[in-house]
Every structure is written in C-alpha cells, then in structure tokens.
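What follows is chain A paired twice: with chain B in the first complex and chain C in the second.
Up next, the complex of A and B:
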C-alpha cells in the first residue's frame, strides 16, 4: 500500500473556520481578562483564546486573534500603548501553533513543555513592555508582587520579570492546557487546520470512494 | 519649622479599570510626623501612599519627595527613603529563609556584606526573631510573617516608614512590639505613616490623623479634634475609639478634646472625683 502526505490546512472551509475562530479567540481573551481584572486575580487570563486558536488554526491565525484582542482592549481601555502586549500574544500563538504543526502538541509532556516556553517568553517580553507602558505597575494582581519587590529595592525590570515568571507559569498553563484539551477532543478532520501534515493511506481513501 | 518631605499637588489617580481613586488631593507630610490615614475601603488610603515611593504614578497632578517630582526619580531610590510594609506579608516575601529575606533589601540597596550583616543582626535582636532565621517565611504564622516583613524594611532604616494595616492579624505581643517600633522610629526622627481601620490603635499612636473619603481628604488634624468631629466621621463611616465614645456618652458630647486612651479616661475622672 503506497503512502502520501497531504496538507489538510488548505481546505475550502478554512476561511470559514478563520472567520469564526478569530473573533471567538478575541472574545475568550476579553472575558478571561475581565474576570482576572475584576476579581483582582494575580493572573492575566487574556491569552486562552489565542492559545486555542493557535492550536486549531496555526501560529499566524492565532497571532491575528491575539493581536486583535490587544488592539481592541487598548482602545476600550483608552491606553493605545498597552496594545504592545500583543507581542506577548504573538509569542504564545507562535509557540503553540508551531508545536502543533510539528506534531509536538499531542501529549501531556508536550503541553508542559509548551507551558514553560510560553510562560518564559511572556515573562521576558511582558516585563519590559510593562515598564514602558505602565512604569512596571499595571494595576493587575501581578502588581502586588512587583510592588513588593520594588519596595525592597529590586530594580523595576527584574521585579517585573521575576514577578511574572510564577504567575505566567500558572496563567499560561491554563491557556495551553485549555488549548491542548480542546485540540485532543476535535475530530481528526479538524486537527490539521493548523497546517500539520497527515499521512493517510491513499488506497484506503480510494477504496472508500 | 518642620521640613516638608512629601507633598502632593492636585493628585489624581485613575486605575486602568477606570476607577478614579484619588480626586485632586493636596497633602504635605513633614519630617518626624506620626500620621495615620483612616477611611473606609476604597477611600484612597493605599493608593495615596503608593505614590510616595513611586509605586504608582499620578494620572495628573504631582507628588514631590524631598522637593523632587517622583516621576523624575527611580522607584528603587525612592524605596530606599520611603519603606513600605504591605498589608499582606505574603506579597513581600520572596526568599526561602527568613535570613535571606532580611538580607535581600540591604543587598539590593548596595549595602556592603558587613553593613548587611550588622543591619540584619540589629533587627533580629530588636524584633526577637532569631529562632526563625532558617525557616521558610511562608510557613510562619501570620503575626510572625508580619513581624518579618516589618523587620525586612527596618534593615535599611528608611526616612519614612509606611505601615499598611499593621495591626491586622497581630496578636497582643505583636501589637506591643509594633508600638515600640513606631515609638523608636519616631524618637529617632523618622516619619511614620500608618493606614489603619483600628481606631483604638490609631488614637493612641498618632500625632496627626488624615481622614479620607471617596478619593478626597475630608479632615486633617490632631486625634483629639478628629474624633470629636461627628459630621466628618459620619461621612467617612467611621466611629471613634470605644473609650472616646464612652466619654462622649458620659459628657453628653460637651468636651473640647477627645479622650483617646483608657489612661486619659481614668486620669480625667479621677480628677473630677477629687
């Protein structure tokens, strides 16, 4: 039986899925962010949608959803500079999306690796952005830790980074595992929209036709 | 004349959520003041003090620390001058032992190894926490955690000591220790600013009280006057200390200065009997 590789990400339905999932990702990010903000949780919860869209549709569509959320939320919040946090969402989308494409987002271990990578990337990128946009303090729950470190003499950049590492491990763990759980439960026909290659048996396909 | 060390000018602060916590506050704090800021939750107490060392930046208006705009100074430099003890000690503990915790601030502020050692030894002695030096701070009971966070700030002897709800969760021994520390700092010329809901404690341990309500200062004066100002207390939804209330009932509100402690109360009525 001969084998061939097909790219199932180029189906006619892809545009439809994009039209549904990009705004859905933005909405999930928005609701999560509002919950974290209103309850003053030491979490962000504003990248769950990004991770889900990236896992299903791939890194670039996930990034569009993430950046879209940051732009909309910066306009609503009246602080355009805060859209810079879209860079963090791009990192989240790229790590999750490219791991999915490479077939490395299938097991719990893969999800843990993705969580650590996404958390570190977000802490590294988020710290200088927070310093530029808010002077290190942005009003969220993470500020309590940043402020605590600053008050004991830590410089603002290292405080913003160190406070974000544990918080991002939990926060991005929630986002990545939500994406992983949803991806694992999708039917096979929808698992390759991210651009992953799938091997099928050509003869079997022909027989079924 | 006392030196003004912190000044706010038309200070407004609006959080990213859109809540305006301070609405044009003007305030001067002088060297060696022993101040309490009182008010209901959400009145702006914590928000205003977080401007004093630059943890928050004004949305509009100015905050001057030693005459210089806080937006022109580094938070690290301001934190060296204005020590801040958080309400929740867990938000100010990052090391794996109490000893490391106490050494963190002096090291961050550039103390030499010997200076750090001396500073830590001094506060360990002062706060009687030698037994817990090798314990993980987060495993301590709440009172000891509070004491450790106060100790960690005292290691660098800030000019201004801010205590956010210092009596919350403290047992009696902890309160006595706190009072001794406030007195020691005051005696040594430092400025102490306390945020508290504990009116009994505030009355006995402040020279000046600032009353806040809905992002504004609605009264500022000595405790003997503040706790007789019924309209202000009513607006701020605060009640005078119990001993003050007892004296108010007995005198039918005719006194000129509020009684603030049991000792004052006893002295006054002994005098009346004699």
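Up next, the complex of A and C:
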C-alpha cells in the first residue's frame, strides 16, 4: 500500500470522513425514499444509505447515520414521533456493520443472509414501536396487510409483526443488496475505512507478495 | 430545502433553541396529560398560527397525510381491533359496505389520533419557522460539539444537492430508454439504474470533500466562531422556562397518576 500517504482509517482524518459520510448516508436514505415515491413503489426503501455507511465506516457510525435520518426526515415531514423508527435503522446498521467488520459481506450468499437478518430485526423492532406510538395503524401501505391479519383473528402486536415481515424482506432486501452492489464497486482506499481495515490490508499485502 | 427570507414574524424571530424547548414541552404535555380537549386546543391553536404564518399551502401535504392516517386508524381500529366486544351493538353501520363500527375500537383509535395529529401540526409549525442553519448554530452555542452541529447543517445542504443529482440521472436514464412507468416489475427494475449512479457519484466526491474540509481547518482545535448573530429576547427566556415547567409538571402528573393515585 505504498500509494496511501494519509492514514484515513483512524485519528483526525477519520473524524473528517465521519463528518462527511454521516450526512451523506442520511441524504442517500432520503433520496432513496424519494426515488421510490417517484417510481410509485409501495415501499419505503429508505435504509440504503445506512447500510452503505455502516459497511464503509463500521456499525456505530452507520447507526448514527440511521438515527439521524429518522430525526431529520421527521423534522421535514412534520411527524416527530416517527423518529422512533430510528431504532430499526440501528439494527440495520449493526447487522451490516458487524458482518462487514468480520469480512462476511462479500458474496451473494452473505448479502442474502444479511437481508433476512435485517428484515427480521426490523419487523421485530418496528412492530412494537408502531403499536406503542400509533396503536398499530400508522397511515401507510403496511396498514392494509395489518388489517388483513386482524381480520384473521390475530391480536394487534402479532398482526403488526406478521404484516411487516414480507414488506421488510423486499424493502431492506433491496437496500442491503444495493449497498452490497455499490460496495463491490468502491475503490479500496474507501473500503479501508471499515472497522475490519487491518484484515483487508493484510490480505492485500499477502496478495501482492 | 433552499430557505427563503421571510418577513420576520414573532415565531421566526425566536431563538432556535427556544423552539426546541417548546417542542419538548408540547410533546410531553400531549403524551402525558392524555387529554383529548388539550390535544384539540393545541391542534386548533397551531392551525391558526399556521394560517397566520402563511404556511397553509405547505401544510396541505401534512394535512393530507393526517387525514389518510385518520381514515385508516378509525376504519381499521373501529371495525377489526381485538379490544372490540362483538356481542354489543355497533355504534353505526356504514351503508352499502356494511362495515360495523364499535365504540371500543373507535375510542382506541381516538386515543392514538389525539396524540399524533396535534403533534404533527404543532411541530410542523415550530420546525418550519426555523432556519436549519440557525438551528445548527444555536445547537453549537448551546454546547453541542462543533462536529455534530456541522453534520446537522451539512445534511440540510447535501439533501438538495443529491435531489438535483437524482433528477438529472433520472432524466438521463430515461433518455437512454429506461422505463420508469408501467407495471410494478418494470418500475422495480428502474430503481437500481437510478440509485447506483446517485450513490456512486456522491461517494466519489467524498475524498475531495475531505481534502477541502481539511484545508479549511475542520480538525483545528482552536475555538470556532460563527458569522451569524442570533439575538435572544425576553420572550425567549420566558417561553424556554415555561416549556420546561410544562414538561416537568406533565412528567410529575404522569408519575402521580400511575403510581400514587391508583
């Protein structure tokens, strides 16, 4: 790695990268949601940025970016209570971040495992939040599925959970997959910002030797 | 999110941190007092203020989402909620569709709706009358680290940039034959060709931004100064302490109600 003159993985440069990438993650989340609504897709698609930042900078920075997105989108949208869904984004960031740190976010299989884990975690965390804050009905596309589950005789918490599983599977699946696709195309110097930087460097040294 | 300069009204002249305290006070009051009439009063007051501040046009979007939420909440909770006792007579039956609305379900929906709708209206008002750069500076002056307030301001500057990128890329891909209308599968397929360039472009810019920030002394340990001078008035102090008082008293009220007066 003779080309790199500044070590951007720790110290002061890391703070600078954090100060750029956290707002960028929030903005990518926001734009993802905007594209989804422009294409009239029945999904949120607003955790792509969180996944990408978590993969590049590690789980904790990703979590900050995810929570920040929910707070800022609730400021823009006017519904401050929806910022509580930021807890779901923390789960997304942790799963993707720790998988990347362990070097397990490289193949398609890894991406699929991450997708399922993220979807389940989001449904598990999202359902109680929706029940506590909104009483189960939040005024979105999920509500129709919740109503269907309720009419089958489920209680409101399990209805909210079961309705969120398939939607999250598609929604976070695309988010995690997009993050994975983009990561594969990033230059190595930016990938090295992740927590697992030492392993990557060692591998590359071995390869060059 | 380019913010225009409006004629300074009372709400716009308030110090941004005061509005943060006010939103805390309103949120706590609505969540813990749990009074439908208080919620109604806050809702009406904020609607009047929104009309006075001339935000009616922008508020229409929020109003539509509140209405959709109300319809969803009342119809689904009123007919299907498990708290309903089906042995009782329904309150009313919707003609033609034969949907039966029950009292318990409607009350359940009203509890949640009276919590959310006034919060949406009042917080919309408070945050829309705030300049986000001023808020970031207010946070910095209030003791938040410079990094954090920089990230906050930077987010509001980056979102319109990426939005512009998105529009350009969408037009470019459409010119190359990308189908952004049509059935659901086609629209799904159109998502990645738009999203990937947006993200790739923005990540390629990161290194340049880092160098630019570094040369401008972002990591310097010297105390940062700001250009904007935000004045604080007596009204700011009064409203700040009033909202803190309301927040604290609502918490005490909640504790007394749940633990002492059982």
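Side notes on the structure shown:
FYI, the second predicted complex is superposed on the first by the 174 of 209 C-alpha atoms of A that agree within 3 Å, B and C clash if a C-alpha of one lies under 4 Å from a C-alpha of the other, contacts with A are read in each partner's own complex, and residues count from 1 in each chain.
In the analysis below, a residue touches a chain if its C-beta (ideal position, glycine included) is under 8 Å from a C-beta of that chain, and two chains touch if they have at least 3 such contacts.
These figures come from a predicted structure and were not determined experimentally.
Aligning the shared chain A places chain B and chain C in steric conflict.
By the touch criterion stated above, A:46 is placed in contact with neither chain B nor chain C. Of the two partner chains placed by the overlay, chain B and chain C both lie in contact with A:156. Looking at the superposition, the partner that touches the larger set of chain A residues, chain B or chain C, turns out to be C.
In the superposition on chain A, A:20 makes contact with chain C only, not with chain B. In the superposition on chain A, contact of A:37 is made with chain B only, not with chain C.
Shared-chain residue A:171: touches no atom of chain B or chain C. Contact with chain B, but none with chain C, is seen for A:145 once the two complexes are overlaid on the shared chain.
Of the two partner chains, chain C is the only one touched by A:28; chain B is not. When the two complexes are overlaid on their common chain A, residue A:77 makes contact with chain B and with chain C alike. When both complexes are aligned on chain A, the segment of chain C among 4-12, 40-48, 58-66 or 130-138 whose C-alpha atoms clash with chain B is 58-66.
Residues 38, 77, 79, 134-139, 147, 150-151, 154-156 of chain A contact both chain B in one complex and chain C in the other.
The residues of chain C lying in touch with chain A in their complex are 1, 23, 27, 62, 65, 68-69, 72-73, 76-77, 80-82, 108-109, 111-112, 115-116, 119-121, 123-124, 127-128, 147, 150-151, 154-156, 158-159, 161-163, 165-166, 170, 180, 184, 187-188, 190-192, 194-196, 198-200, 202-203, 206-207, 209-210, 213-214, 218-219. Across the complex, chain A meets chain B through its residues 37-38, 77, 79, 82, 134-139, 144-145, 147-156, 162. Within the complex, the chain A residues that touch chain C are 8, 12-13, 15-24, 26-28, 30-32, 34-36, 38-42, 45, 48-49, 52, 56, 68, 72, 75-81, 133-139, 143, 146-147, 150-151, 154-156, 174, 178, 181-182, 185-186, 189-190. On the chain B side of its complex with chain A, the touching residues are 15-17, 50, 53-57, 74-76, 79-80, 83-84, 86, 88, 91-94, 104-105, 107-109, 152-153, 156.
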